[in-house]
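What follows is a structure written as structure tokens; I'll ask about it next.
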Amino acid sequence: MAEKTNSDFEPNIVAFLCNWCSYAGADLAGTSRIEYPPNVRIIRVMCSGRVNPLFIMNALQQGADGVLISGCYPGDCHYMQGNYYARRRFNLMRNFLEYLGVEPERVRMSWVSASDGIRWKEVIEEVTEGVKTVGPMDKFKRRQLNW
Amino acid sequence: MAVKKLSKEKMGDVLAELGKFRLIAPAKSDEVVIFKEIQDPGEVFLDYGNSTVPPKKMVFPQTETLFRFQVGKPELAEKNVEEEGTTVIFGLRPCDARAMSIVDKLFGWDYDDPYYQKRRELTTLVGMACVEPPSINCFCTSVGGSPFGTEGLDMMLTDLSDDNYLVRALTEKGEKLQETLADYLGDAGDRDEKKAEELASQAEDKIKRSIDPGGIPDKLPQLWEHELWKRVSDSCLGCGICTFLCPTCHCFDIQDEVEETGEGRRARMWDSCMFSEYTVHASGHNPRPTRKERTRNRINHKYSYYPERFDVIACVGCGRCINLCPVNIDILDILEQVVEA
Amino acid sequence: MNEKPKIGVYVCHCGTNIAATVNVEEVAEFAGTLPDVTVSRNYSYMCSDPGQALISDDIKELGLNRVVVASCSPRMHEPTFRKSIDSADLNPFYLEMANIREQCSWVHADPIAATEKAKRIVEAAVVKARRLEALEQGEVDVEPACLIIGAGIAGIQAALDIGDAGFKVYLVEKSPTVGGHMAQLDKTFPTLDCSACILTPKMVDVANHPNIELLTYSQVEEISGYVGNFDVRVRKKSRFIDMDKCTGCGDCASACRLAGRIPNEFDEGIGMRGAAYLPFPQAVPAVYTIDKDRCLMLTKGKCGDSPKCKDACQADAIDFEIEDEVLDFKVGTIIVATGYDVFDARLKPEYAYGVYDNVVTALEFERLVNAAGPSEGKIVMLERGKKKKKKKDEEPEEPKHPKSIAFIQCVGSRDKSVGNEYCSRVCCMYTAKLAHLAIDKIPGVDVTVFYMDVRAFGKGFEEFYDRVRREGVKYIRGNPSEIFKHGDKLVVKAEDTLTSTPLEHEADMVVLSVGLVPRGDNREIIDMLKLSQSSDLFYMEAHPKLRPVDTATDGIYLAGVCQGPKDIPDAVSQAKGAAAAAMIPMASGKVKMEAQTAVVDEATCRGCGFCVEICPFSAIELVEVNRMGWPVKVASVNAALCKGCGSCVAGCLSGSIQQRSFKDNQILPQIKVLGVK
Amino acid sequence: MVDLSKLREIAGEVISRDDVRELIGYRPGTYGFRTRPAFVYEPGEVDQLIYTPACVNNLATYITLEEKLPVPRGQEPDTRKVAVMVKGCDSRALVQQLEEKAYDRERILILGIPCTGVVDMAKVEARFPGILETGEISLEGDKFVLSFDGKSEKVAKEELLAEKCRRCRYPTPLVYDQLLDDEVKRFAEDDYSDIEELEKRSGEEKWAYWEEKFSRCIRCYSCRNVCPMCYCEDCVLDRLRPQWMRRSVDTSENTAFHVARAYHLAGRCIQCGECQRVCPVDIPLMELNRKFYKDVEELFDYEPGTETEAEPLLSTFKVDDSQEYIM
């Protein structure tokens, strides 16, 4: 573990954001010039309900060190229910990956509203910090183009 | 070359010595015995019946890169099998060794498969005679093999049921290997050889299942539309157990794995004629639309097409497909029905 | 994908907004090395006219078929760039934006890290762009007609507003008259204006309005379709009285053999009616109805020698052969205004409602105080069940007035034990109103109100509450635990929680201020319109704050208490809001459909219906198709209903349903390039 | 114990019906104690049918397995019923298939077998190796009786009982047209102790455990093909576009396969244990499925395959679903 907590390690985190709350919240963080770590790469979807939990597995397999799904707070979903479905699916996949030995710090979900740029920054900081403590994803990462 | 003897105590040293090559030997993964590349001689597990997955995967890997490419560029980087180095497969059973010599015919037939052939050339096969038949479903003796058969092997070890193995080099490769191991080998006597012969004949007697395949290759084409195919395949699940675990099955699919950057590799990987998509055409048409046609193909391939082309049945009687079929589809049962039909 | 992708990448400086942190030249250069990228440029302001021209010129001259703009958030300028590539005759959905401003340059200070991140964002956009597909944003025509279900005050108001605006309205009411609960009320709080006086003119208006087709005694049976194009089937139940001939004279009702023997629903069962009846004198339409479940002719086929009503009717309006009428029509929008039920006080057995005659519900009390009610406005002690024994020639006993009345608030509201956590919002005020009326009508009466809290939040409410207290109404803070009888008196057992004193309060009559609950027959409407319910089981609005009159389904709106308890002004306001919302698509005549909708691959769909269950908009249904001669069920998306959330996609196991522009094969490559770093 | 003559009599009646096309049951296997699925088309074929604790296969799989060949023009598809014998656990597969509208209830005729537990064939064969002639297994009280080579041996039920039966909550079929025997009361409970034991391990230990298993997977897809819930005609995991995982066989792709396979069974696996039984390389697939099963029960109070009208787990939600791990 010692070498993993290397402070030089800059994790690569793939995030799935719903268009209406979290993506807007991340935009607001930008408009408000709130600085946060550059480790998160965002994929925009219309609703967190679109996020197939197998995306998490896929991202980790491709080499992402962590995955974040972010949607509207319960009750605020633009499509009324999508985030509830997302939450259910996430709960199962998160626990399952933990069961396989994937550190739960790598598999995160958050609610971030469109009006909360500060919270977006805090989420990113927390997720980035968490992934840093567990180090690079090395468990079932795909070997690129092996012979 | 003289027949030698190896004291069981020295097996560890022999395996360590073999470690200077790429050593493949049976090892346990949990309770499952599989051939794998040995890093530490302690991993080798010789007290086994037969491996679940046949050692064919060591010469015909389940997934094998053929070459790498960059989309839009003509240059290819071909796989260099040579780099894998001299390989010793240690402890394989006579049926599996014989299977390799059967598959060799295919990979050297209308097209010399350089990957396979190179790997075979680099590989020395050290067999372990079956003093006890590994499974109730062994029937090697019905299809031209034997528990002590040497076909395909470069060297054979026989557990003399005392503290020694009888070691017999069978080919030039085997002799070379024997030289390498000379320090650990003693001379075998007539008594030892006699003992081995005795064990061999006892082993043959212990094989309980059999079939007379004599007329089958000629008969199969006549049974093409026979109702038995539907009946024997009714319960088939279409999984790949019987083919993937067959030491002679050798079908493969070729796939390109391409990154978004355009870098890619072309690889071949095992395929199974029992999979529903095996023969699906790009149009969506499938000439073998149901399990009936697929099961018929599997039997025909082994017992008709292969003998027709290569004069040998592509089945070595290892019994794996019978042991592991989830629904007890039994190749001997099918063959009996063929005989009776 | 037929044609080979030719992608143009445009990296925007946004003045220094991006360029100060992100090395835009480097990003553009990097983008140029990516497969299928034909051209990669950087420019100071991509959204400016020359910036947009750069793109459209390249589309024309270089034959670009995909465009990636790396600039600000797509929430900002996606429409802008879609338009500009549309103007260059490229499908506007061939655009992918890379957000390197809000989510990169503005939030990172380190130019190296920011530039690196920008490259990744652009690369992900490029790999997605490579797989983008052309989409068409459809439009549908809107039928300029509105169906309003329920003709209580909310339905009536919405109908009048829409009718006045010039659109056709079908106003469907289940009972024989319009008016709903408001018609049952005597006075309205806090102004004490007479309910009938303000309501009946509106009832007459809806009946006479040239644009409103009033369908009373009718039920919606089927609704299909989507915004702009709903097909509606309504069953107009037979009244067995020809509506055109009936003069409303009432001869049939007086003649009916069962006259005075059937509890009148409108009077909450306190008053009686016959099988031929008008619910109340001001009913609209003023047409009598024969109750087919009670009428002797209709239930037994025989009514003495001949039905007396038919004999009595001079207009010859009665015809026992009249059948239900089924009407089919098309509407563009629907307003649901189905109202409520009052809480069934029997569910609080400790209050002995149904056991003691003079434990009454507030609505029953309302009928008693109503001058047009069964007691002609006199508050009288009830002798339930005794009525039938009354001999014809016997002089009616002089009714007795209660000398003391106790009110109990929050019966069935704010009460987890009966599953209703919510406040019904009207009980505090109608209790105050009824208490006031009691004092007004029975001189010297003792009126005591048991309450948990008094919520007097509306305009004039607190003042009114203050007034009734000054009039002598006693308020005791405490939720009674039991009502029992002591001699002739009812005893309310409670604790005054302000003084922590247990008390037993005697009263002649106890009025239960029952709450409002969702209608017991809600299910039909919910299934037909696929409405959602909030946790209180009232219909759920699309958004509690910003879309309070909309439902999840476009073109369907909510008005009145069916969405949640509210008083008359709130119900009317919401009705007006729903009417305005419903008129938007009708006035514009067209609605734009979502383009990034779900689409089903019928060949692989296994018809499990997971997506059907998931869809919050009921946009998916299972349909039978022929798969090589086999009838199989597959999902089918109604693009007019689909809002493009993609929840169904993530719930599909066979990958057979995909969301346009967010397909698995468009997202997975993004994950890949972002995952690899 | 199911009475053989009664079983065959009922089967005979069933297959004689005009609206029944075939009956799927069990018959003796080709060697030793094995049994195998039997497909009966004619009344004359019912005498091969058996039911013993060696009848391990879940025949519900076959309802959805058969290939639907194109119906020749002018002909009607054969929609006669398929009759199928199911044990308690197997019947839950039917329940779940029905919940998922895989076919209409009228399409099948269910002969329910109240089940007292089946053997673990691997344990039987380890204990009695090398038996060629057909042997028989029956249950007497708390002992399995194994008859072979003209002799019979009694073994405590505990020793040979299949793992899944030790946790079986539904020994009597939940859906059937006819029961072949008296109902069997629940005789076991599931305490998830096996899963809890794994959950307690450290992350490194867990992955070491699973890496070993996944690395030896040969992607024969027997776990998927035997599964009664894996009945998509075109499995998404086989597809090349989009490709969720590569077909190349290595630990990474194998892990992806097993994660996806298990996730696709979340809220759907009915614990018949067939996947684990058939795996040629002994991957403990039920330990994957059961993790989801446990979480589904604990988090959502949901048990698949118990109610044909239930809403599919992941097609529904509760507003107060767990928020524990959500920031």
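To keep things simple, chains are lettered A, B, C and D as they appear, and every chain counts its residues starting from 1.
In the analysis below, a residue touches a chain if its C-beta (ideal position, glycine included) is under 8 Å from a C-beta of that chain, and two chains touch if they have at least 3 such contacts.
Not measured: the values here are computed from a predicted model.
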> So which chain is farthest from chain B, going by the mean of the CA atoms in each chain?
Replying inline: C
>> When contacts are scored as defined above, which chain pair ends up with more C-beta pairs, C-D or A-D?
In response: A-D
> In whole angstrom, what separates the CA-based centres of chain C and chain D?
Replying inline: 45
>> Taking the mean of the C-alpha atoms as each chain's centre, how many Å separate chain A from chain D?
In response: 36
> Just curious, how far off is chain D from chain B if you go by their C-alpha centres, in Å?
Replying inline: 31
> Taking each chain's centre as the mean of its CA atoms, how far is chain A from chain B in angstrom?
Replying inline: 46
>> Touching at least two other chains at once: which residues of chain A meet that condition?
In response: 53, 58, 61, 75, 81, 85, 89, 144, 146
>> Give me the residue numbers in chain B that touch at least two other chains, ranges are fine.
In response: 257, 259
>> At least two partner chains per residue is the criterion; list those residues in chain C.
In response: 614, 651, 664, 668, 672, 676
>> With touch defined as at the start, can you tell me which chain C residues reach chain A in the complex?
In response: 73-76, 99, 101-104, 106-110, 113-114, 116-117, 120-121, 124, 532, 540, 542, 544, 552, 596, 614, 616-617, 643-647, 649-651, 659, 662, 664, 667-668, 670-672, 674-677
> In their complex, what parts of chain C are in touch with chain D?
Replying inline: 535, 603-604, 606-614, 622, 627-631, 633, 651, 653-655, 663-665, 668
>> Touching residues of chain C toward chain B in the complex: what are they?
In response: 34-35, 123, 127, 669, 672-673, 676
> What residues of chain A sit close enough to touch chain C in their complex?
Replying inline: 10, 12, 14, 19, 23-24, 26-31, 33-36, 38, 41-47, 49-53, 55, 58-64, 75, 78-82, 85-86, 89, 121, 144
> Where on chain D is chain C touching in the complex?
Replying inline: 68-73, 75, 77, 100-102, 231-236, 239, 241-244, 264, 311-312, 314-316, 319
